[in-house]
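Shown below is the structure under consideration.
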Amino acid sequence: MSLSENQQLWQFSPIPNIEESNFNKYLERFYNMGTSGLTRENAQNSLDGRLLENNDPVILTIKTGTISKDDIPGIEEVKNRISCFHGRNSYTKETIDHMRNKMNQEEVAYISFEDSNTRGLKGAKNGQSESKEDTWAIYAYNKGVHSEEENKAFENSRGGSHGVGKIASNAASDLHIMYFANCDEDGNQHLGGTAQLLEHKYNDQCYRSTGYFADLQTIEGNKTKFYPFENKFHEVFQKNNRGLKIIIPFLREQYNDEKEIIKSICDSFFISILEKKLEVIVNDKKIDSKTIKDFVSNKDYYIQDIAEMKNEFTPLYINTYLNEEPVPLKISDGINDYNFSLYFRYDSAIPKGRVAIVRTIGMKIEDKKIKNNVNKPFNAVLVAGSYEDGYLKSLENESHTELAFEHIKDQRLQKNAKKFINNLSKEISKIIEESIKKNNPTDGLMNTKDILYVVENQFKKDLTEAMGTVKISKDKSIVKVTTDAPKKKKKNKKKSSDNPVKPRNPVKRVKPKVDIGETNGTEEKLDKYSAHPDIVERLIVGDNEFVIFDFTGSKEISKEKLCNISFSVIDGMGVEYPDEFKINDNYSSVIDNTTGDQCKIENNLIKDIEIKQGVAQLQLELKNNFNRALKFVYYVEV
Amino acid sequence: MEIKLLKKGYKNNEQFYKDFLEDQVKNKEEYFSDEVAFIDVTPDFPIYIAQGSESTKSELFHQAFDAISDSYLHTNRDIHFDELFWHSLLAVYKRDYLLEQYPQINDGLNHFNNIVLKDFNWENYIYKCVLGAQYINDAISDVSERKRYYSLIIDNLDVFNYIIKYEIFRNDKFLINILDIIDELKLSKVLKSKITGRDDLGKDERVGRRVIFEFNKSYPIIMSPMLEKDDLKELFLQYLVYYYQDTKQLQLIE
Amino acid sequence: MIYKKDANFPYPLLTNTSTSYESSNFILDVNLHENSYNYRFEISYEIDSQFVNKLIENEQAQLVLVIQSKDNKFFYIKPEDKYIEIQKSRISISNRTTIQLHLQSKAEINFKDNDDLSYFYSQFKEDIVVLRNSILGFSNVVIFEGSSTKPLELFEKKVNPDIKSDIKIELGSETIIIHYKNEQLQFNDSPMSNTLNNPYIYMGLQKALYRFIVNNSDDGEQVDLEQIDAPTDNLDLKFYNLMKKKMINELSIDNIDEVIYSISDKILEKYAGAVRGLSLNGN
């Protein structure tokens, strides 16, 4: 079939009059889904078209670029049709204005989705065909119908079940047009296309809104049939190896976003990619099982701080899927049980808990929120088996973005679907609760993910450093503590000024004992302090004992003129005996070495010792029965 | 045999006491931890030696020393020096013997606490005997010599109590040296005597206790537990003079 | 017997805490091993004073290893001795075992050649004579605490619907136990649960430190951490170690909050941050 000069390339079916004055309602829905809707639909279709006989990954090549308007086949026909539209409401008018505004560009932006390792469409040569096997005819000329695979398992895992996916491509074009280039098993190359316009009057004839890029041939009298054109068009429209290529000219500006395209591939198909069922090349960037992590862990594409992952969860999903062991999960719809694998991760840093519902084919249907658990610290991936895929598919809404039951017409099936969706939430929330409990045990000792873990861990670190444990045998652990050994190590060798230890107070106030009945008020109450052994020097030489007190470090005592001193004996276990040692029984004389005067002893107390420049000195003469092995701590009264 | 060990909470527990009297303790799982101690034999011996004449008490002490030496001392200290082991053994496995020997246990929880569940420290008779038997057995191999030392402990129980009361003197060499010094110098009576003329020390202060206390105060300047007997004797006499000035007696010693 | 208490002795002693020697280090380290029959204590020590080291070399002084558990064992240590072994039937380490090295004079020792003394004692060194069988110095103490079953845990929590308050803080034998009347009080459904529990931690620390003061002070108001022995109560011992590690010298009713701030890691600041975060997120 060859193209003649004035051949009509776009076919619109004549209708008696205009009934519908609006655009196809799916256009707006897909338009609202933006880049991700477009990418998902096309990638899903490519996966559906995968070769059944081998396991090579489907390769989807996405290109964006510009093309001269002259290279877009039949574009003038489309423009002519648009020129004669009449908007009958403000929304339609606005859209028409937009189309007319954009249709006269010379350089036109486009996007193309080309797959390989796929089957492509079959039976293009047969044109519009009644045969179920002629997938070209179904794809090219029947909107809202998709061909059912003869292989049931395969059918179940197919993505698009509503047959409206193609419109996603129309929605991405300012002029609502899209082309598809097919190369079949035998190397036959054809180009088709659709335009989703308005019902319109053209040359005094009313036409349907849908236009087909096809040749109209008359067969058997007045019966006509669409046939595709052999593909001899511009290279952007060429498809040279087996598979299908979608070309969308007049790509809307907001769709022309490479980063968004890459992200929506990662978001929806991470499992297909990780499982090596799909590779996607976006212009010069390749996303496969090896490189996907590079994109997902790149802060230009995704937020990397777990605590901030509140809208996009792909980095978490991938982590969960790769690192967690799946647990089987059985969910009933009241009649049948469906088996899933759940990859579940608990991490207290996760701010929003979501479950990715993913079908075997690998497209994520939904970031499912589980009732009452949307803010729980977990992340999960629920993967369906082949049998479950079919069921999940029936629950998907038309834009594959949610599991729902409202769209199901059959009352009984709708009830089951509702039950299934509820049970799904229930089963997953059980797992969430269990894991939160497990990770936050409400009883017992702290473990690593405990609610007290952070605090406890710090104490543990300090305790380990301070004590150190010795594992002596299997069940015996001994704590080792070394007291005050290293403290002095550097003290004298290096006078360090950075030593944070505050100088200790050399004396310490002793709380007076309340003597009941004994105080007669005549004697002045004195303050009593214990003198730290560091400020006391004591030495026995011959029959004399010298004791020197250095109070210069004490602001309480150094400024005093006189003090009283008492003794406490310390026994071999460090116990102090305040009344054990009797001064009069042990010393024959006590001399204040500052003045040379004999000191008075009263109530086992050496009285009125002079403090000179903060220092007090005593010389005591030992009696015969003095136990020279004794040690003391001293008390000072001022 | 296997001794099931009690779980914390049995002390000062009315119900436990009741169950002991009614022979129910062994049937109640809730009293036991999962832990057990192993010991070959557990012969009966006097565990409470507070009553009777001096000769009766002496006889009971000898029985206790012998039983402990023969059957208990060879176990690890984690067993024979463990309060929980002894309380478990007594309350669970020795009920009949104890009620027969010490019928006053029936009279009230305080008797039960004081006899059966007595804290395992220097005031506990088992503790005294375990420590005494261990020190004597480790230092003395001759059986009749051991008996002689047991007798010395029994005859000088007041000093012995003070020695084991202070942790620093819980040492075999020190105990045996002190017992030898007392024996050689025939000081048993002197050490038991009350101190006179020192009202500041309290009414019932004994010479022996003060001598031991003087050693305590002198530690560690004087490392008495490590001293040879003669060095220790010199100090012993020095300290004795602080509290006992009966020159006639002391001349006898010198 | 172990001796630790700082006091004024009748002549200069070499210890880690006294000021009698110019540079007084007497450091002991012990490692514990066991086989079926014995415990083996591997020892190493370091003495700073040349004078003292020479006394050991000349056998005028003798090192004595003191091992105290239920009772005392003394071992004369020669400089070349690396370890001592004790039969398991004669020592129990299931409770506390304390180990110290003492130095005992074997003869009368004149200090006239002792150039290591501090200024005060140097003036008298010609006259200082230490009698035979007297102590010349003692080392730090190494403690093996065997009764601890949870040596590194400080907190436990329990849900106990029977308590008569929402939260009850119990000071257990080794840990602080926070009893919650119900699980909700643990905030276990919140991603910030670990920080939201910090006020309970604070309460627990306060209570435990208060009891530490009661247990370890004479007057019930303040504890001089340099003066007291390592507490025998296992929970107190943990706090003792934590405070020593943070170089806290004194614990008193007045400085409990400062001590908590030092030994813990900004627990209230983190709590405040978490609450602020939650209220901003409208969670």
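By written order: A, B and C. Residues from 1 in each chain.
Just so we're on the same page, a contact is a pair of C-beta atoms (placed from the backbone, for glycine too) under 8 Å apart; a residue touches a chain by one contact, two chains touch by 3 or more.
Being a predicted model, the structure only gives us computed values, none of them experimental.
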What chain is most central when centres are computed from CA atoms? C
Quick note, more Cb pairs in contact for A-B or A-C? It is A-C
From the mean C-alpha coordinate of chain B to that of chain C, what's the distance rounded to whole Å? 30
Can you check how far apart chain A and chain B are, centre to centre, with Cα atoms defining each centre and the answer in Å? 68
Suppose each chain is reduced to the average of its Cα coordinates; what separation in Å results between chain A and chain C? 45
Residues in chain A with touches to at least two other chains are numbered 570, 572-573, 628-631
Where in chain C do residues touch two or more of the other chains? 1, 3, 9-10, 94, 134
Residue list for chain B, restricted to those that touch at least two other chains: 167-168, 219-222
Mind pulling up the chain A residues that touch chain B in the complex? 569-573, 577, 579-580, 582, 625, 627-631
Quick check: in the complex, which residue numbers of chain C touch chain A? 1, 3-12, 16-20, 22-25, 27-34, 93-94, 120-121, 124, 127-128, 134, 139-146, 148-159, 175, 178, 180, 183, 186-189, 191, 193-198, 201, 219, 221, 224, 226, 229-230, 237-238, 241-242, 244-247, 249, 263-265, 267, 270, 281, 283
So in the complex, which bits of chain C are touching chain B? 1, 3, 9-10, 64, 68-74, 88-92, 94, 102, 104, 132-135, 138
Chain B residues touching chain A - in the complex, by the definition given at the top: 166-168, 200, 213-222, 239, 241-242
Chain C touches which residues of chain A in the complex? 348-351, 375-377, 436-437, 440, 442-446, 450-456, 458-460, 462-467, 469-470, 472-473, 476-489, 492-493, 500-502, 504, 508, 511, 532-534, 536-542, 545-548, 570, 572-574, 576, 628-634
